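Below, chain A partners chain B and then partners chain C, in two separate complexes.
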Partner chain A sequence: MKTLRYILLAGVMTLAAACEKDNFDGPTAGLSGRIIDADTKLLVEQDIIRGTTIEITEHGYDPVKPQVLVVKTDGTYENSLLFENTYSVKPMRGNFVDVPSQDIQIKGKTVLDFSVTPYLRVQDLRVEKVGNLVVATFKLQQNVAGNVVKIGIYADKDQRVGEPMRLGQKEQDINAPADPNTTYRLEYNPDEFKTQMPLGKEYWFRVGALISIGEAKFNYAAPIKLAI
Partner chain B sequence: MKKLFVIFLTGMMFSCQGILDIEPTNKIPAEVLFGDPEGVKIYMANLYYQLPIEDFAYFRAGFNQNGGDPNNGGFSAAMMTEEAMHTEFGDFLGDGDFHWWDQGYKLIRDVNLLIDAIPTLDILEEEKNALTGEGNFIKAFAYFALAKRYGGVPLIKATQKYEGNADALKVPRSTEKETWDYVLELCDVAASNLGTVKGRRANKYTALALKSRAALHAASLAKFGSRAPMSGDAVTQKLVGMEPAAAAAYYAACIQASQAIITDGAYSLFRPNPASPAEAAENYRLLFQNPNDAPDEVILIKGYNLPGANLGHNYDIWYQPAQVANGWPHPGRMNPTLELVDLYESYTNPGQSAPVVTTTDGNVNDYGGYDPAKSYIRFSTPNEIFQNKDARLWGTAVLPGTSWKGNNIVIQAGYVKPDGQAAIRIKDQITVGTNTYYTYGAPSTTMYSGFDTYGGNNTRTGFSFKKFMNQNSPIVPGWNQSTTDWAEFRYAEVLLNLAEAVVESGTGDATAAAKALNDIRRRAGHTVAIPLTVDNVQRERRVELAFENKRFWDLIRRREYHTQFNNRVMHTLLPLQDLRALPATMYIFVRVQVPNSNPRTFEPKSYYRYIPGIGSNGLVQNPQY
Partner chain C sequence: MMKKFKIILLAALLGAGYSCSKSSGSTPPPGPPGPPPPPQDTVYDETGCLFTSYNNLVMAGYQGWFAAEGDASERGWYHYRNGSCGGFMPGCASVDFWPDMTEYTKKYPSPFTLPNGANAPLYSPYDEESVDLHFKWMKDYGIDGVFMQRFVVEVKNENAKGKRHFNKVLENALKAAKKYSRAICVMYDLSGCTSADVAYVEKDWAELQQLFSLFDNKTHPTYLRHKKKPLVVIWGVGFNDNRKYTIADADALVGKLKGSNNRVSVMLGVPYYWRSLRNDTENSQALHTLIKKTDIIMPWAVGRYSSANYNTVAGGELAADIQWSKTNKVDYVPLVFPGFSWGNLKNNAADYNSIPRLKGEFLWKQVAGAKMSGATSLYVAMFDEIDEGTSIFKCARQSEVPLNGAKQFVGIEDDLQTDHYLWLTGQAGKWFHGEGGFSAALPVR
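Up next is the complex of A and B:
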């Protein structure tokens, strides 16, 4: 009986010891930051679906698959579960002029902001109710060569509203460079979308514009809450 | 003792000479299999079985989904396009869908082994040529299936031998252009070696039809690639994407292959001159109910001869209307959309899509739901509203109030009460005078096929499914019981390929292309010829080839998926009985968003599938995976 107990004890101890040896530490580091407009110092608004991503590639492995961080709609991002290591970090397929890849040591809670030039800036935005309509007026500042493909005002119940995520919209094709002197005007008719968004409630609206650069994403102004 | 020892040693000398070299009894050596023509036949049957034919057993999990557990909810490829919705699922294309990688390279290895063996076979020279042709056809088919999913892929042109070093077997990806060129080259080898005998195996025209399809695909990728630009390592190494300048040669190849089939005259359209649209609709239905009855049109058939696991398929149980379920618990899954129904022309206005007009103001963009203040057009039957629509609509979809297997198929979403208030998509009844009326058109779930969410068995778009369905026998309520054969290549597709290649490239014989387009329309009961335009060709293609699993690839190759499916919802036609019209029986229709559905968005990265297993095969991954 006593022998059996010793055997059991030895077994348990082996198991306990084995566990300790087998397990690596969990991820302790994290990376977060903001995407900031170099001129205005404002956050650069993003899409949550099909929006800007940041690829981070961990060094020391080959082949290695990059991890993809989705940037939040307000232009901030965070991954709080990374292993301490050196990583190459590069924002990809965004709505701003390409930023080169940078190698950084991620240790503890590392913060990395990107200072960027957005393709387009939506400026002097006013969104207001005029009669039954929601009318948006704004100017566009273009910072790169190319055409503005289209402009639009997008509506949703969710604050993360944008071109790929909306219940209602009013769009206009432009297909020309932005004219800094033009005041663009979009009239959104809530009646058209009342099956999805019944009248008499508050909804989120966001105005955006798309540049004709391959894989470019929309540039937006901040969302606005409005009762219709 | 010494003698014994010598004998023992002598014995040792001989024992190693063969006694231990036992041939495994559970495997057939290549020489034996390929040495016997019957063995070759069995081997070929297996190769054909592996062909990536997107037929009745093709679902998001891949090919031949008719064994093991075939229960995938009946969610078909058509439901990822604007052709149809599922009664319940709102799914959309996922990264893991429609892959064909391991199986593809397995088939390529199997066919390479065959091609290696052909010169050693003791058969006639023409039989060798035929085998060479078939082998190359199968290989072309396999690389076509790989190229359209993954872009440029490793080209394994001959059998690889493992000699202890796995790394030596790793072949990097070729460029997308090299891959497409290789597909067309294989088609040419196949066509020049194959005869013209019709049957269940490839002939010269099968190889040309494949070339026509593949060349059009490649040409479209080159021409329209700029609609969805991509970036990344795979792009810079040209593993995905092609120069626009490459389009011309591919369009020319498509025209050449299509013309070769047409001018030889071995095939033609099935029943090309119907006397009436009703006859055209029935002809069209018959063509798919049994493609064997149309040997003039169908160039390659994949047969489903027997019911049973890995033999039959499940289209009849999944997709026939609920009323004919015959005890099967999950019918009615295929719901053709209002988008598709709108697309069909009206005989009164040739060359234009004819959206279903429901109100006197003719507004077909109003999806705001029933409103008593609106002025709806009243119809005396649930399908009068589709009068004059293209015969193929009637041959493709089961429309409300039409007959199927001797049943009047009841598809009704509700009624408008005499006071003008409507009851829509709720189970309700009302007695007016001495008659009782039911929202779904009949009192019990076995008596209607629309809108009740009961069991997910009733259409939620207002349309049920007819194309490919077996009208002759009742549904057998079990798995893999359908034996309808699949027409993989048919003459109409070749005509449409020609028309598209001519109109997109601006080269080739425009008269012949316009004739090709209008011959197909004539077969569908149209009498007025329409001009050869991009829109006319695409509309014709969509209605003629609907549900043949072509639309998915049309959206991919023309790079239209991300614009067509950008926050996209599908639509439904609600048939309502208008009780305000009593004692007359009248119906009105309301255009709405498909109930309980959400918008769907195509991600541009999905133009290519991800390459599986890059950790071990070391290949360059496709963009954004």
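Up next is the complex of A and C:
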């Protein structure tokens, strides 16, 4: 019995020692910022699903797997749980011209904005009810070599609406470079989607276009709320 | 002990007195001379100069390396002939395209015959009148000017005929450029160079300046200037094809050409993937260091894509290249070319029309791609390069090219005029000069 007591005591002590807190501080630093259009100074709209990400790689470890931050639909990003250190930061698979990796010291709440050139700009956008239809008219400015694969208007109950997250849509294949003199027109018919989006309510609409570059994502105008 | 203490006290007082001497009001002794003032940039008189920047210009490369049997260069059918198959005769040539000889006033009968049995003559750029005609075309079609290729291995002192040839062609071109108000600029090609050859460029460049009074704004008002200085081009830096010279050699050369007083602006010809240091580019940060010391970069795009994959390749590179250049305060000029064909040069039928012209669609796709990506000027490869079939000058149509034994020549598409690519390049010129009405749609003549 006495032996058993010793064994139990040793076990408890071992467990207690194992559960002791380490001496390391938790992450206290953070990184946030904006993806800003270099010309218009507006935030560059993104997709929430399969959208632009930012890879941050902490220095001093080899090998080290980069952490991936998802850029929000409004073009901002944030990670508030990072250790203070030097990091390489690079936007990946975006909807703008490639920008080089930057090495920065992340200390406290660090802010890093990226000034970028979007592949496409949706300009002079009008979205309005015309009879039973929602009609979008707009122009496209293309800032890289390539073809516009398609254009689309996407509808959803959620403000983060986009090509990968929509309840309704109207798309048109283009497969040609954007013509700056053309006014593009898309007609969305709410009747086609009334099962998932009953009529008589407000929904979010967002107009976008996709360039033909490798892993490019859609470029969008800001979402618009409209009653249908 | 007391004596020792007194000595120490005296020494301390003397020391204190010395250290306070600056506050006595006496004039301090003169200090050491400061660093010399930084050297000032060389200032040139640009009065009357017609081309003070490459911005908004569309210029082409000018090989000028051909010679004709019987011309004064005494170089035979230089660059028309193909040494790998025995010279210049039906079944053996180094050129794929054949010049449209209609307007030349000085022609040389060649060993080739036309489909109608007549002799197929050729021109020599050693002749002033032929180069004059080329510059007249530039003016007629609105092409701003050309970069005169100067192959370093051909203009070394030990290659007397080569040097004489390129000096004569340059002399012809400088005269014609002034006559037709076309921009002109010297472009050194380092292909085939050793480190010593690269260093030789400094000497050759000094000779040219003296021989032609190259920087005299009255003698050569159309010599291209950029950032208030004459421009010179160094082509072929950073390629990973086992060249016998290094980026460091080119860096040293650029340093010598510019000098401490920044005598010239330099355009650097670099590989296509220069920014990411991959594929055709040496993986060395020294290239970026050198690029930042220069004024313009022009990446070599010939053979890097065709019409089919242009969007994929250039879409990922061009705009990002331009963005990098802006960030690093270096100007950027993209290259465009009409197509590519070197079946005769390579003795390989598969190489005929290997990058098809598609009646200008390919060239215009690049022009529009460059414009959309933010480029403000173009380098067109090339004006007269018929060995590799990138020429934009007037060439014979497919049904009009000479017979070539068991081989062939490549012609301009039969339903186009022989000047089609001059005309189309001129349209690009109009677009880059700021004229409206152009888009990615191929202009209709």
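Note that in this section the second predicted complex is superposed on the first by the 206 of 228 C-alpha atoms of A that agree within 3 Å, B and C clash if a C-alpha of one lies under 4 Å from a C-alpha of the other, contacts with A are read in each partner's own complex, and residues count from 1 in each chain.
The criterion applied here is as follows: a residue touches a chain if its C-beta (ideal position, glycine included) is under 8 Å from a C-beta of that chain, and two chains touch if they have at least 3 such contacts.
As the structure is a computational prediction, the values presented were derived from the model and not from experiment.
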{"item": "Fit or clash between chain C and chain B when superposed on chain A", "value": "fit"}
{"item": "Contacts of A:D179 with chain B and chain C, given as first, second, both or neither", "value": "second"}
{"item": "Touching partner for A:T110 - first (chain B), second (chain C), both, neither", "value": "neither"}
{"item": "Touching partner for A:G214 - first (chain B), second (chain C), both, neither", "value": "both"}
{"item": "First (chain B), second (chain C), both or neither touched by A:K194", "value": "first"}
{"item": "Partner chain in contact with A:S88 - chain B first, chain C second, else both or neither", "value": "neither"}
{"item": "Which superposed partner A:N143 touches (first chain B, second chain C, both, neither)", "value": "second"}
{"item": "Partner chain(s) touched by A:P63 [first = chain B, second = chain C, both, neither]", "value": "first"}
{"item": "Minimum C-alpha spacing, chains overlaid - chain B and chain C, in Å", "value": "9"}
{"item": "Overlap of chain C and chain B interfaces on chain A (superposed complexes)", "value": "214"}
{"item": "Contact footprint of chain C on chain A as seen in their complex", "value": "97-100, 117, 142-147, 176-181, 211-214"}
{"item": "Chain B to chain A touching residues, read off their complex", "value": "226, 229-231, 367-369, 566-567, 592-593, 599, 601, 603-604, 614-615, 618, 621, 624"}
{"item": "Residue ranges of chain C touching chain A (in the complex, touch as defined)", "value": "310-312, 314-316, 318-320, 323-324, 365-366, 368-370, 372-374, 439-441"}
{"item": "Contact footprint of chain B on chain A as seen in their complex", "value": "49-50, 63, 65, 68, 92-93, 163-167, 191-192, 194-196, 214-215"}
